[in-house]
Structures are given as C-alpha cells and as structure tokens.
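Note that subunit A is present in both complexes that follow, paired respectively with subunit B and with subunit C.
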Partner chain A sequence: MMNNIRRSLLYVPGNQPAIINSAGIYGADVIVFDLEDSISIDEKDSARSLVKNAIINRNNLYKSNVELMVRVNHLSTPFGAEDLEEIISVSPDSIRIPKVESAEELIKVHEIIGKLEKKFQIKTRITTVAIIETLLGLHNIEEIVKKGLDRLTGLTLGAEDFTRDLGTERSIGGEELLFAREKLVFIAKLYNIDAIDTVFSNVFDLDALKTETQFIKKLGFTGKSAIHPSQVSEINSVFTPTAAEIENSVEILQAAAEAKEKGLGVIARHGRMIDLPVIKKSERIVNMARKLGYFEEEE
Partner chain B sequence: MKLNAVAGSLISCDLLVEIELNDNLTDNEIIIESPSIIQYGKKMKEITYEEIIRNGLKKFVRIKIVDKGALDYVLRARLQTAFNRIGKMMIVGENDE
Partner chain C sequence: MKNIIGREIPAEYQGMKFKPFSGAFEFVPKGSKYSPALKVSKPGDKKVRKNLREALIAAGIKDGSSISFHHHLRNGDYIINMAMDEIASMGIKNIRFIPTALFGVHKKIIEHIKTGVIGKISGSLNGPVGRFVSDGNLKYPVFLRSHGGRARAIESGDETIDIAIIAAPTCDEFGTILSSVGQSACGPLGYAVTDSQYARQVIAVTDNLVPFPAKKELISYNHIDHIVVVDKIGNPGGIVSGTTVVTRDTLRLKIGHYASKVIEHSGLLIDDVSFQTGAGGASLAAAEFVKNIMLEKKITGSFASGGITGLLVDMYNKGLFKKLLDVQSFDLEAVASYRDNPDHIGISASEYANPHTSGCIVNQLDCVLLGATEVDLNFNVNVNTEVDGALLHGIGGHQDTAAGAKMTVIVAPQFRGNIPLVVDDVTTVTTPGETVDVLVTERGVAVNPRRGDLLERFKKCRDLPVKSIEEIREESIKLVGKPEPIEYEDDIIGIIEYRDGSIIDVVRKVIDKKK
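Presenting the complex of A and B:
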C-alpha cells in the first residue's frame, strides 16, 4: 500500500535492467521510470516493454509502499500515445507528463488515461504529475492546475529545458530559477497538490545537493527529484522530520486535545502560544511520521 | 521470407534475444546460452514458449538467447520487443508487396 509521501523521486532509465532491479533499495518514495529523455529513439519500444514488465513484477522487485511513476513521452511525439496505451494497461500508480504548456494539453492526456483505465478495467485511479519546463507552461500554470485537478496530484519543474527557454544557464545558487520555483510552489500549495523540485545535476556534490534541498524546502517544496541513487538519502534526510520535531508535535497535539476537552480557547506551551497554524503544522509532521512507520510499535 | 529482429543487450542483468522468422523452419527452435542454464534453463524455455504462443505468429521461429543474468521479467520484455519488431517488419513487407 503506497504511503503517498513524495520526499524523493528517483529517476530510473527505462531500458536498464540492472538499475531497474536495484532501484527499490535506496529508500526513494517514488521510482520514476523514464521513457523520455534518457531513452534513445531506437530503444523507445524496448524501454516501454521493460518498464511494463517491471510494473507487472512489482511485488518481486519493490516494497509495497513505493510509488511507481512513469515519465512518458509527449503526445506530440510518435511515442507518447503508445507509451500511455502500454503503460496504463499494467496500472502504474502515476504518470509524469512532460512539457505541459496548457490546460487543454493536460486535459487531453487525462482523457486518454481515463479511456484506457476503462479499457483495461483498472480499479485504482492513476494520478498525474505535470512537468513545467517552458515559459508558456509557467505562464499558464494556474489554469493547468485548476482544470487538471481530477487527476493532477503534483507539479514539478524541468529546470534544464526551462533555463534554456529563459535564455540562461543553471547555476549553483539557482537564482535564475527563483521566480519559477516560487510561482510553482505558490500554485501547488494554493490547490493543495505536491510541489516537487527539479533534479540536482551534479551527482558527485552531495553537500551542494543538501544545501539546495534545504533551500527549496524553505520555499515550500514537498519533495525533490533525484537522478542518482546516492542523492536519495540526502533528500530524504532534509524532508524527514527529526525525532525532536516529531516528539514536539505529538506534545502540541496532546496539549491541544486536552485544551479542547477543557473548553480552553487559548493554549500556551513553554511560554509560546499554540494557535491553529502551529497545530496544523504539528498534524502534518505527525501524519508524515505515521506514514513513515515511526509509530508502528505503539499501534 | 526470412526476417530477423534483435532486442536487449549483453550488459549484466540483461540478455540479448534474436528472433529469426524463416519460411524454411519446420518447428520452433530455441537456443539458450546462460551462466545459470542448469538452474533456470527450463524456466527460460517455458517463458519463451509462452511468449511465442502469446504472440500468435503463424510461422515457426528460431530464437537465440544470450543471457547475462536477466530476471524473468526482462526475458519476457525482450522477447515481446523482438516479436513486436518482427511484426512491424512483416507489416512493412506486406505493404511493400
């Protein structure tokens, strides 16, 4: 059973059995099988078939709480429609849709997914994550989300293509992405879906990855994509609440529950007022801790 | 008519499948080279026959598999790809005629 947490999303090239076999051991919340950029045109068919069979075989390859997502090719390419047809037939958890630039585009993909779910009698609802990787996509982002909420559960930024469209290059500080990141987070939070940050390209610099992950968490992102297994634990460590945070949150919720029982309107703890935003934040932390299995022994 | 299609690779955990569709064949032929032929050869043959049947080709094929430690799902995937590639060649061939 998936836990719906998306701290780390590990990209896996769809045509490499060795990497697909081992993708589950690094602790990524989501495995993103890639049929798009990492696959040469001549191997699109074999990657599609390999990913399809890996999903069929998921119980032997991965833990049940790992989300299996597939990045398909764009519908405007000769591969997009066939990717959807083949992949939806085996019921992945979610589809990552590249280069979404308009609501109409997303609606079209959602309609195709809906028809295929019926055709293949898929019992669970397959969700989507839209990749915003052009200026036009960012310009239309609210419309895209508003009209795609029937399936859309997350937004993510494709920084390489986006910076190219912007006529600039990615830098360590990421100043060129600040506006796009803030706008994406704002819209995602406004519509209560996940805000997933772009990949950090230098797989050797884990310190810089951690700094960037801490930064984007402050902006409000809920998770980050990874292009190498070594990045997963760094990303998870930033997005996982610490034991002290969990303990503190549990105490706040207990204090809030006691106050409610006594009919008290205002609660103070350690000299600090506990109001609704603090309670909501504590609920979020405890909820994540529960999903990550921190309270299993107690339950 | 003689057609050949290949799928997969000789990289570790993968395998290379070569399917030959040949009008002169009188039965299906399966050749497997694998470091674990003793343990898994029978299973690999079973999977290969299942995929031949699933594909529904009405002609006999010769299939050569060079295994580099692939799991069952990889074998199925590579066979399906090779069969699809043969199928596409047959369609092109029919259209050319």
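Presenting the complex of A and C:
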C-alpha cells in the first residue's frame, strides 16, 4: 500500500532495464520512470514497453509502499498521447506532466487520463504532478493548480528549462531560482498539495546536495527529485524527522489531547503555550513517522 | 560416494585416492611434516647463475618435475611466462605446474599445455586458462586449493615441489629476498615463503641484485639455491594499482552499506575487533562504511589481515587498527606502508591460514567479508565455477577465513545480468555453508539458521532488510526465472580440495551441446 510520502523522487531512465530492476533498493519514496528527456527518439517505444513491464511486475520489483510515477512526453510531441495510452493501461500511481503552461493543458491531460481509466477499468485513481519549467507556467501557476485539483497532487520545478527561459544559468547558490521556488511553494501550500524541488545535477557532490536540500526544506518544499540513487539517502535524511522531533511531536499531541479532554482552551507544555500551527506541524511529523514505520513495534 | 554435504566424490580417480569432506573441523591429521632433502653449502660457494637455463639445469630440472610460482606480481608478472618458455625451449615435458594463482598475462600457458610441456596443474586458474582446461584440454584434473590449503599440502607432503621459482623484487648476492624495495616492489611475498622452505631447489629471479647482507623480510638466503638476474621481473603498472578506489557503483555501495550495518549490529564491532576484506567493490565499500562507524564510535581495532589495500592502510593511519598482517599487497599505498611501517607485518600463507599448524591468523579473525558467484539454500558458496560450469576462478583465502572468523559475511549482488546469486544447489561447493554466517545482497540480509544469535540481533535493526535465504531465492526466481540446469560428462576436470586436504567437490566437464 502506497504511503503518500514524497521525500525523494528518483528519476529512472525508462530504457535501462538493469537500473529499472534495481531502482527499488535505494529507499526512494517515489520512482519516476522517465520517458521524456533522458530517452532518445529512437528508444521511446522500447522505453515505454520496459516501463510498462516494470509496473506490471511491481510486486516483485518494488516494496508495496513505493509510488510508481511516469514522466510522459508532452502532448504536443508525437509521443505524448501514446505514452498516456500505454502507461495508463497498466495503472501507474501517478503521471508527471512536463512543461505545463496553462490550466487548459493540464485539464486536457486529465481528461485523457480519465477516459483511459474507464477504458482500461482502472480502479485506483491516477494522480498527477505538474512540472513548471517556463516563465509562462510560473505566471499561470495558481490557475493551473486551481483547475487541476481533481487529480493534481503536486507541483515541481524544472530548473534547467526554467533558467534557460529566464535567460540565466543555474548556480550553486540557486539565487536565480529563488523567486520561482518561493512562488511554487506558496501556491502548493495554499492548495494543500506537495511542493517538490528540482534535481541537483552534480551527482558526485553529496555535501552540496545536502546543503541545497536543507535550504529548500526551509523554503517549505516537501520533497526533492533525485537523478542518481546515491542522492536518495541524503534527501531522505533531510526530510525525515529526527527521533527527538518525533518524540517532541508525540508529547505535544498528547498535551493537546489531554487539554481537550479537560476542556482547557489553552494548551501548555513546559510552561509554554502551544498554538494550532505547532499542533498541525506535530501531526505532520507523527504521521510521517507512522508511515515510515517508526511505531510498528508499538502497534 | 557422497561427502557430508552430499556431493558425489569418486573414491578413486586416475589412480588418485580421495578423502571425502566430512566437516570443516572433523579431520585430524596424523604423521609428520614433509622434509625436503638436506643440502650442503661451503665457503666460497656462489649462487648467481648466468641465466635461467643454467639455474634450471643446476636445480636438476627434468621431465615430470614439479615447478612452483607465486602471484605477487599479479598481472604484471613476467616470470611465469619467461620460465615456462625457457623450460619449453629445453625440450622438457610433462611439468607439474604449481602456481599460487594465474592472471590474464599468463594466457600464454595454454600453448605449453597444448604442446605437453605442462602435464598437470595444481593451483588457481584464471579466465582464459580456466576456459581452456574446462574444455577438457588437460589429461589430468586440476587441483584447486585455498591459500591455507596449499601451504598445508606442501608442508604435509601432499604436494611436493621440485623447483620453486621466486620472482624477487630485490635479492642480495647470498639469496636474501626483499619485496618492499626495487623497481618491482610488490609488498610481502607471503605465498612464496612455504615454497622456499619446502622445495627441493629454489631459484630467485630478480631485477635488482644488491650486495650481501640485505635486511631479511620473509624469505631467507637459508633457502635460496640459485639466483638469476634479468632486466625486469615484471611490469610495475600491472603489479599494483595506483590506489584501490572505493566504488561509485550505487548497487555495490548499497551492499556495502548493509554489510557495514551487519558488522555494526553483530556485537563484534568493539575495541580490539579484527577484520578482513578483499578488494572487491562491495567489500571495499563495506570497509569504507565500517571505517566511518569506527571513527564515529571511537573504536580501535586489533588488526586487519589478508590482502592489504590502501583503505586498510588508511584505517591503520587513522588509529583504527594496531597492526596490519599482510600476506599480499594490492596497491601502492599498501606496498609503501609495508616498506615504512613496522606495524605492517608480512606473514606467510601458512601463518595466515594453514589449518594443520599450531595456529593461523584466520583463527584470530572476528569478521571477514567475502564474495561469491553462487550461494545455495544451505549457505554453501561457489567461487570457482561460472554458471556455465566453466572453472574460471581460484579459491584464494575463501575457505580459510570463512572457517576461522567468528562471523563470515558473503557480499554479492543478487543478480549478475540475469543470473541469480542464490540457487537451490551451487554448481560447485568451494566453501561449506557451516562456515558461512550471513549473506548480504542489495535486496536483503539472510542469516544462516545456525546463527540464531545474529538473526535475533539483526531483526531488531530497522536499517537491515532481514529475509530468509529461501525468500531471497523466491524473489530471484520471480524476477529472472530459474537458470537451465547444466549437463555434465563423467570426466573430472577439477578437484576442489578443502583446506584440510579432503575433497569438498569435483568439477566435471560440461557437455558441449554444440557438438
């Protein structure tokens, strides 16, 4: 059963069977099979077929709590429609839609997914994540989210294309992405969907990856995409609550429950008042810890 | 007859009588050690010969002689090919060839098998020579022994050596061999020590002759009969690699990570821990992770042993081990450390792993990490034959360290291509399951049911995917299916000796369906 946690989203090229087969061992919450940028035109068909087989064979290849997402090609390309037709037929958990620039575009993809779900009698509703990777997409982001909420569960930033559109280049500090990241997080949080950060390209610099991940977590992102298996544990470590955080959150929720039971209007712990946002944050932490199996022994 | 692990062993084959394997520690030897003939030397005797031919003649080479070599110069070795070419040019036939191991550079040996210069082989085979022998091109089966088993066989007289030819990076005029200095420096000559002590005649071949007396390392002038000087005994580029680098392969890093957690949670990773690992990707990765755990927890180990790498030298330099016990150096860092560091101690193969002595290093080991080609449901391990039945790899110290260490951990990818690691029955048993404790793959950690204590410890760890070996097997079948069984002829091409001299398995010739 998928646990809906999206700390790390590992891109896996759809044309690499060995990587597809081993993708489940690195602890990524989401495996993102790529049919788009990493696949050359002459390998689109074979990649689609390999990804389909991996999804069909998911019980053998991956843990049950791993989300299987597929990044399809844009509908304006010769491959987009066929990607959806083929991939939806095997019921992936989610579709990552590239270069979304308008609500109409997203609605069109959602309609196709809806029809295909009916055609293939898919029982579980397939969700989507929109990639914002152009200035126009960022400009229209709220409209995109507002009109796509029937399936949209997350937003992510495509930084390479976005910086190109911005006429700049990516830097280690990421100043050029600051506005886009803040706007994306703001809209995602406003509409209560996931805010997923772009990939960190230098696969050999895990320290810099960690620094960037800590930074985007502060901004409010809920997860980050990875382009190499070695990045997964670093990303997970940043987004996983520590034992102390979990313990603290459990105590806060206990204090809140006791206060409620006693009919107290004000909740206090160690002489300090606890307000609603703190309780909400504690709930998020405890929920994640539960989904990650931290309380298995107690249960 | 079947041995105790159910392998069919002939009682007799080509006039040789076999003792079936009866358990890792069941066989108790009787009798005495083998004694080579006494020698005499007189004042003024000279050992330096004009060339290799003169040395071979002086050593009494003849048809059927047994000649031993060592493999410390690895893929840079010139001496095996040089000596065998010389022996061939002398018209000598039917040599019993006894190398400690072979590498790709020794492919030329195939020609000497074809022409009958080499009639029998006792020793590890590598890819091309192994393939050639596997195709049934040698009249007699090859004897494969572990490092400790080879030393035992020589010391007991099961394997007698007429002439030991020792590639010597440096040699003084009286025969003292040094291997830490010279253009072909390679670290301690641990595998050649027993040969030097038990061969009837010993020839040192060097490219760095120095005046007597040189400071003795492992091999004494006391055992050297003849010295030959050549331009080069090897290619330094092939003798040692620059630095043994920890893999970037994420799959092997994953295995290494799990293996390090196994060691951490085993209860053995405490002060004075002793540790051995090979230079394979997953093993080295595990060692790197163990290093970090030891640094973090401020653990000071006792010793690291076996083939020494730069990584183990680094661990010593960081204060994580008090001694390095080295039978063979793998890289330049290890060679330099052996030369410069008194705590980096050379040991012989017999000191390292010979079970029929008053003690060997492997018995002092807490933990060893080893590789595998196949592992079966009884934890028996195959490192000798490939999935097609071909005899392509040696035993090394696999049997020895597995038997000696308190915890033996097999680290290997769960698949090589579409070939599963865990099988119902291994193609060939190299190391018995009774000496193997844990299997670590990228997908799971399986504990031998004999080690319920370890299983209990590992089950409590959130970061270890503990499964039964049957579960790993089932998972593998679901993913890649069952490999086709191999069909064999009756002819035996290889005999896998256990370290105590009993026969743990034989390798039969595969039926060639193309014919």
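Basically, the second predicted complex is superposed on the first by the 299 of 299 C-alpha atoms of A that agree within 3 Å, B and C clash if a C-alpha of one lies under 4 Å from a C-alpha of the other, contacts with A are read in each partner's own complex, and residues count from 1 in each chain.
Basically, contacts are C-beta pairs under 8 Å (C-beta built on N, C-alpha and C of every residue); 3 or more make two chains touch, one makes a residue touch a chain.
Nothing here was measured: the structure is a model prediction, and the numbers come from that model.
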Query = After superposition on the shared chain, which partner residues are touched by A:K52: those of subunit B (first), subunit C (second), both, or neither?
reply = first
Message = So in the superposed three-chain picture, is A:P92 touching just subunit B, just subunit C, both, or none of them (first/second/both/neither)?
response = neither
Request  = State whether A:G293 touches subunit B only (first), subunit C only (second), both chains, or neither.
outcome  = second
Inquiry  = With both complexes overlaid on chain A, does A:P229 touch subunit B (first), subunit C (second), both or neither?
reply    = second
Inquiry  = Just checking: does A:P13 make contact with subunit B only, subunit C only, both, or neither of them? Give me first, second, both or neither.
reply    = neither
Inquiry  = For A:G80, using the defined touch cut-off, is the partner it touches subunit B, subunit C, both, or neither? Pick first, second, both or neither.
reply    = neither
Ask   = Is A:Y26 touching the first partner subunit B, the second partner subunit C, both, or neither of them?
value = second
Inquiry  = Quick check on my understanding: which residues of subunit A belong to both its subunit B contact set and its subunit C contact set?
reply    = 21, 57, 60-61
Request  = Show which residues of subunit A lie in contact with subunit B when the two form their complex.
outcome  = 16-18, 21, 45-46, 49-50, 52-54, 56-57, 60-61
Request  = Within their complex, state which residues of subunit B touch subunit A.
outcome  = 7-8, 11-14, 70-74, 76-78, 80-81, 84-85
Remark   = In the complex, subunit A touches subunit C at residues 21-22, 25-26, 57, 60-61, 204, 228-230, 293
Note = In their shared complex, subunit A is touched by residues of subunit C numbered 248, 250-251, 253-254, 415, 442-443, 462, 475, 478-479
